[in-house]
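The two complexes that follow have subunit A in common; it is paired with subunit B in the first and with subunit C in the second.
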Partner chain A sequence: MQTLDQTVAEAPPTVPRRLPIALDGVSRWRAPLSILALLALPFLLPSQALAVNVLIYGLYAVGYNLLYGYTGLLSFGHAAFFGTGAYLTGIGIGAFGLHPLLAMALAVVAASGLALAIGTVSIRSRGIYFAMVTLALAQLVYYVALQASSWTGGENGLRGFTVSTIDLGIVSLDILNPLTKYLFVLAFVGAALGLISRILASPFGAVIEAIRENETRARACGFDVERTKLLAFVLSGLFCGLSGALSAIHLSIVPLDSLAYHTSGTAVVMTLVGGAGTFFGPFVGALTVLVLEDVLSLWTPHWQLALGSVFILFVLFLPRGLWGTALGRLTALRGRR
Partner chain B sequence: MNPEFFDLELIAMQLFSGVALGAVFVMLALGLSIIFGMLGIVNFAHGHVFMVGAYAGVFVMERTGSFWAALLFGPLMVGALGLVIERFLIRPLAGRSPDDPLLLTFGLGYVLVEGVRILFGSDGLPFATPEELSGVADLGIGFFPIYRLFVVGVVALVLVALWYGLERTRLGLIVRAGARDPEILRVLGIDIQRLWMWVFGLGIALAALGGVLAAPMRSVNPEMGTVVLGEAFAVTVIGGMGSLMGSVVAGLLVGIVVSMTALFAPEMASIAMFAFMALVLLVRPQGLFGKPGLGV
Partner chain C sequence: MNRQGPGHGAVSRRTLVRGMAAAGTLAGIGMPFVARAAEPIRIGFPTPVTGPFGAEAKDQIRSAELAVKQFNEAGGLNGRMAELLVRDDKLNPGEAATRTLELIEKDRAHFIVGALSSAVQLSVNEITRSRKVLYISISQSDTINEAKDFSRHTFHEALNPHMTTAAVAKHAFKKGTRVAYLAADYAYGHEMLRGFKRAAAAIGAETAGEILHPFGAPDYSTFMPRLRAMRPDILCICNFGRDQANSIKQANDFGLKKASKIVVPVLLHNQRLAGGADAFAGVVGASNYYWGLEETVPTAKAFNDAFRAAYAGAVPTDYGAYGYTAVRSLLMAVQAAGDTDTDKVIAALEALKYDVAKGPESYRSCDHQAIQSVLVTESKPKSEMKGEVDLFRILEVEPGAEAMLRTCDELGHRA
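Our next item is the complex of A and B:
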């Protein structure tokens, strides 16, 4: 509810915050419907590997949106958290022989720690300055991984930690089975999405949105703006780190690219295409971008040209994204009734 | 030759090559700073424009066989492209959130990279140092590559020209006033839209000039833009956003830091610049010459 309400904020305040009758049901059954949609995903998409990617990048973009869409901080360095989650999961499994779940947990903690460090340095700058600082710091992490090649494999990426089964005590999951792998990733992504939804519905969620709308006013209301921003940054880094950890399990390799500028940009593209500041927008954006990439790359090696052009067109003509615009239309419809 | 003297000479040479490296950084940060200082836009395609500049240089050189033609017409061609970009992509965003031009230029970066791949292929191209500028010169304290001396000279010339244009001419006065208060300029009957277009074109042309100058020193490939973008941001952030003075000082400083690190710990060279930026930010979030308030 809360996120739908948020996009509705532009409607006149006299209108009761309710959706049209048919949509009332939709929003009440939001969680079960989302789970159903996600369960159906591998059967709707051309390949199950693509469906797993949608989950992973969907979570990545939703985690990113926590900072960009809800707190209003435009970061261009989230590859640092995605990549750290991925690399440390791989290193934990490959070099130390840790249980995959333990490796993932440690990687997520480390990604959050990195987010705390990068956040501390960058949070004092605002707006576009913040975007530049986060990008430059993410480049620092990239070069560190490039140089520490005995740990990370340098330019070749990290290999040699293939996960075929995950022992859960009672059952052993066969990760090589695409559907099992999908469900394994879905368990994490579903739990994370639920958690993010709860976070946004909490008072903390209200404060970060207040900061996005008017920082000075939020400060005047007595909120510790810097601490709140930093916490949002760390939470965002945590979820992006988790998506990175899942991608390591999924691919069984970690390319150096997972720390690169393009991966940071991916989060921005997906969030904007879907709709920043809406809960499902980034997920829809991830789905759209990945399917577009899948289809276009069959036709031409230069699909990034189309992707960049689509992105430019979105900035120019559809800044609220697919999901955000659709929600806006619904709101307008309801306003007329 | 005693070892101490040799060390001094080595350090002097490294210091100089840091200045030459820094000169290219200065070119990059200058363009970014001008566009930001005047139009309030962060050009996220700046590194990619640098890359396109290098390719434009290659293109002109292949047609004319002259490095000097490449140095002149490469940046002019890319600058003209900048005018078109401002007119049709940036201008429609006027009055929207400052994030929007940033996001748009980010998307533009993708388009530029793929455009170059389609026109020139994905592999890097060689760009030989022009014959008349190759070789080394003896400066008394050591031997320096002539080409690097030339780069420093060109950047110094550009700096003087920019300073003169901005501080000593009527047009410069108008541009500076426009950065401060566009409303008043409009009231005075100055076509500020057209002025912005030229300023944007100038910033783009400067990045492209940096690209042509750097081409013989770096490899020319479609991906170089991303690397350069990170460097340009680090320099601009260190210098302070929108400060031309900051761009110059930070560019040279970063060049020296990188090349000194390369002397003592080569594998740390690419990391040094960003670590240096993080340090500066911890002490001065607004950068060395930045004024608090400009996004800080």
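Our next item is the complex of A and C:
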């Protein structure tokens, strides 16, 4: 609260009156507004391939944030769900000749199932132990994929399932067209955002936030903390699995890296840069990280140094992330009315 | 601004707006014409600038840029200049796929050349073949020749593991030789191991044992005693980049080189520099290029001289040379086709006989593998080195022949 008060004190004396009302509207219509903002993305970014990546990793981070930002559980194993979604989509299309949408659906179901299994084992532990258990279990999945090379392509990654058109019955989408592909991915991401917004606004959403704030008190209030945590874990795995499935369609390959621990780390970094526990923050984080990587690596081979410095600045000066800090400022303005 | 007064400011702003509008109109009218007249030939070049293969990537870029520079200085394609668009694939297949998509969709690259790791080149290949863009791969791979990953848009300028291992084995293995293998546990290591064993079986050499090590392992000390216990005549180390320098150094520390000969599938210029003369002395391996080739091959001399002139006396490296041979052959085909049209250039490349750095080369029609010579080299001890970069002795130049390759049938290509 201290930082919030300070911000209030530093706020400029003239406050536009319309702002607070606008802010209420923004939070009520957060999912549609997010989708509108994302619609403009391919025209603002240097390339559409990057824009699709922002969508995919944005959804990945939003899914992760459901567990980390809202439930307060720091997982280091979310690559398992991302990778499972991606691999099973690819295998479904390539090896079994399934319709891409059916393959994606099955992959998302499987990723949720995996989340149920990993969640059941890991939510018994807390804090760093929880993080380590999720990391270890995710590494297991990684090695399974590495060893089952006749199915997954091993070190070379999964190939041979390039989707060029998706037949929707009435229309057939040309996925090789970058803009069509963007809109196709956005349709899924938009639906997922709507669903997540609804979940967060429901009583269940309030309970997971209560668990994040004070687990003991939540339990004392009569909530079944374990089951709630597990459900949050499964939902988080579901959305991360969906983002993986979309990435398989986007890149038409599944690299083994998509199951590796640094993909798990990516979710953490993006969520933190954008702002953990905010609805749109993870998207801002994904956008920031991916655009910085893209632009910096064009300028200098030492882009990692520049990117690292930017992250340090974020941790030092924007501990609530870009979006979190911006929201904090706006809320402070409202408080002054 | 305050001193100038409002009137002055308004006028200058209006002038500015008018000027911008005029410039915009001019650009709008002029640009399409200008763009059409001198639209450059754009070659997308994804390569792992960051990561453990960074040194090789940097050499590839320098060589490729030299090829582009020479093409442009010679007048380009009737005045149409070539342009190299270097992108960092970060040694990551997903990143490489995104970068290749950007190169094709946003930068409108006519051709893609590049990639160093096998997983990365296969992902680039997946993107280019579904979008029907010509891709020349310059990283060793057996997989990319096989029918499953092949498309008529894919060319493979690099040697493949089958060729290098066969050349090295032919030179080093004899009937009854006991060979122990240390191989990196990923596609490259597996393919090299497979190649060596195949060659060993044909020659009649025995396998004393094999150990797989994790990719990028920093420490090999646990493997060395086990390898020594196998009592091999030859220790065959199948890995790449830093792994190669580290494992050879440690094999040396454990005295393995005294007991047996060390053989590698690809003897790398940069890793020999990093590992030092003492550790590498006597190690035998294969190579696509070594600058010392200039004593016998005139095109190698020309390439080295151009490289030395462009880069302050430095000599080209093996993996670096791939950047040159691939881009040069591509631009020669563009010239022959007289156009950047993909189908015409494919036909021109298929028909091309080129000799740009290492003797005659050509692409086989069924799998687009470059038929080219393989050098078998031995690392010199410090006492025999005449200079900083006098690293290897060329033991043999295995001339390019189709017999070196696996047959089209074996790769699954139907005639």
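The working rule: the second predicted complex is superposed on the first by the 298 of 337 C-alpha atoms of A that agree within 3 Å, B and C clash if a C-alpha of one lies under 4 Å from a C-alpha of the other, contacts with A are read in each partner's own complex, and residues count from 1 in each chain.
Criterion: a residue touches a chain if its C-beta (ideal position, glycine included) is under 8 Å from a C-beta of that chain, and two chains touch if they have at least 3 such contacts.
Since we're looking at a predicted model, the values are computed, not measured.
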item	value
Partners on subunit A (subunit B, subunit C) - clash or fit	clash
Greater subunit A contact set [subunit C / subunit B]	B
Which superposed partner A:G154 touches (first subunit B, second subunit C, both, neither)	second
Partner chain in contact with A:P178 - subunit B first, subunit C second, else both or neither	second
Subunit B versus subunit C as contact partner of A:Q48, first or second or both or neither	second
Subunit B versus subunit C as contact partner of A:D257, first or second or both or neither	second
Touching partner for A:L316 - first (subunit B), second (subunit C), both, neither	first
Touching partner for A:Q304 - first (subunit B), second (subunit C), both, neither	both
Overlap of subunit C and subunit B interfaces on subunit A (superposed complexes)	304
Subunit B to subunit A touching residues, read off their complex	36, 42, 44, 89, 92-93, 96, 98-100, 102-104, 106-111, 113-115, 117-118, 226, 229-230, 233-234, 236-237, 241, 267-268, 270-271, 274-275, 277-278, 281-282, 285-286, 294-296
Touch list for subunit A against partner subunit C, complex	46-50, 53, 154-157, 159-160, 162, 164, 176, 178, 247, 251-253, 255-258, 297-298, 301, 303-304
Contact footprint of subunit A on subunit C as seen in their complex	49-50, 54, 87-88, 90, 92-94, 97-98, 101-102, 105-106, 118-119, 122-123, 126-127, 130-131, 143, 148-149, 186-187, 215
Subunit A residues within the subunit B interface of the complex	74, 76, 121-122, 124-133, 135-137, 139-140, 143-144, 146-147, 260-262, 265, 268-269, 272, 302, 304-305, 307-309, 311-312, 315-316, 319
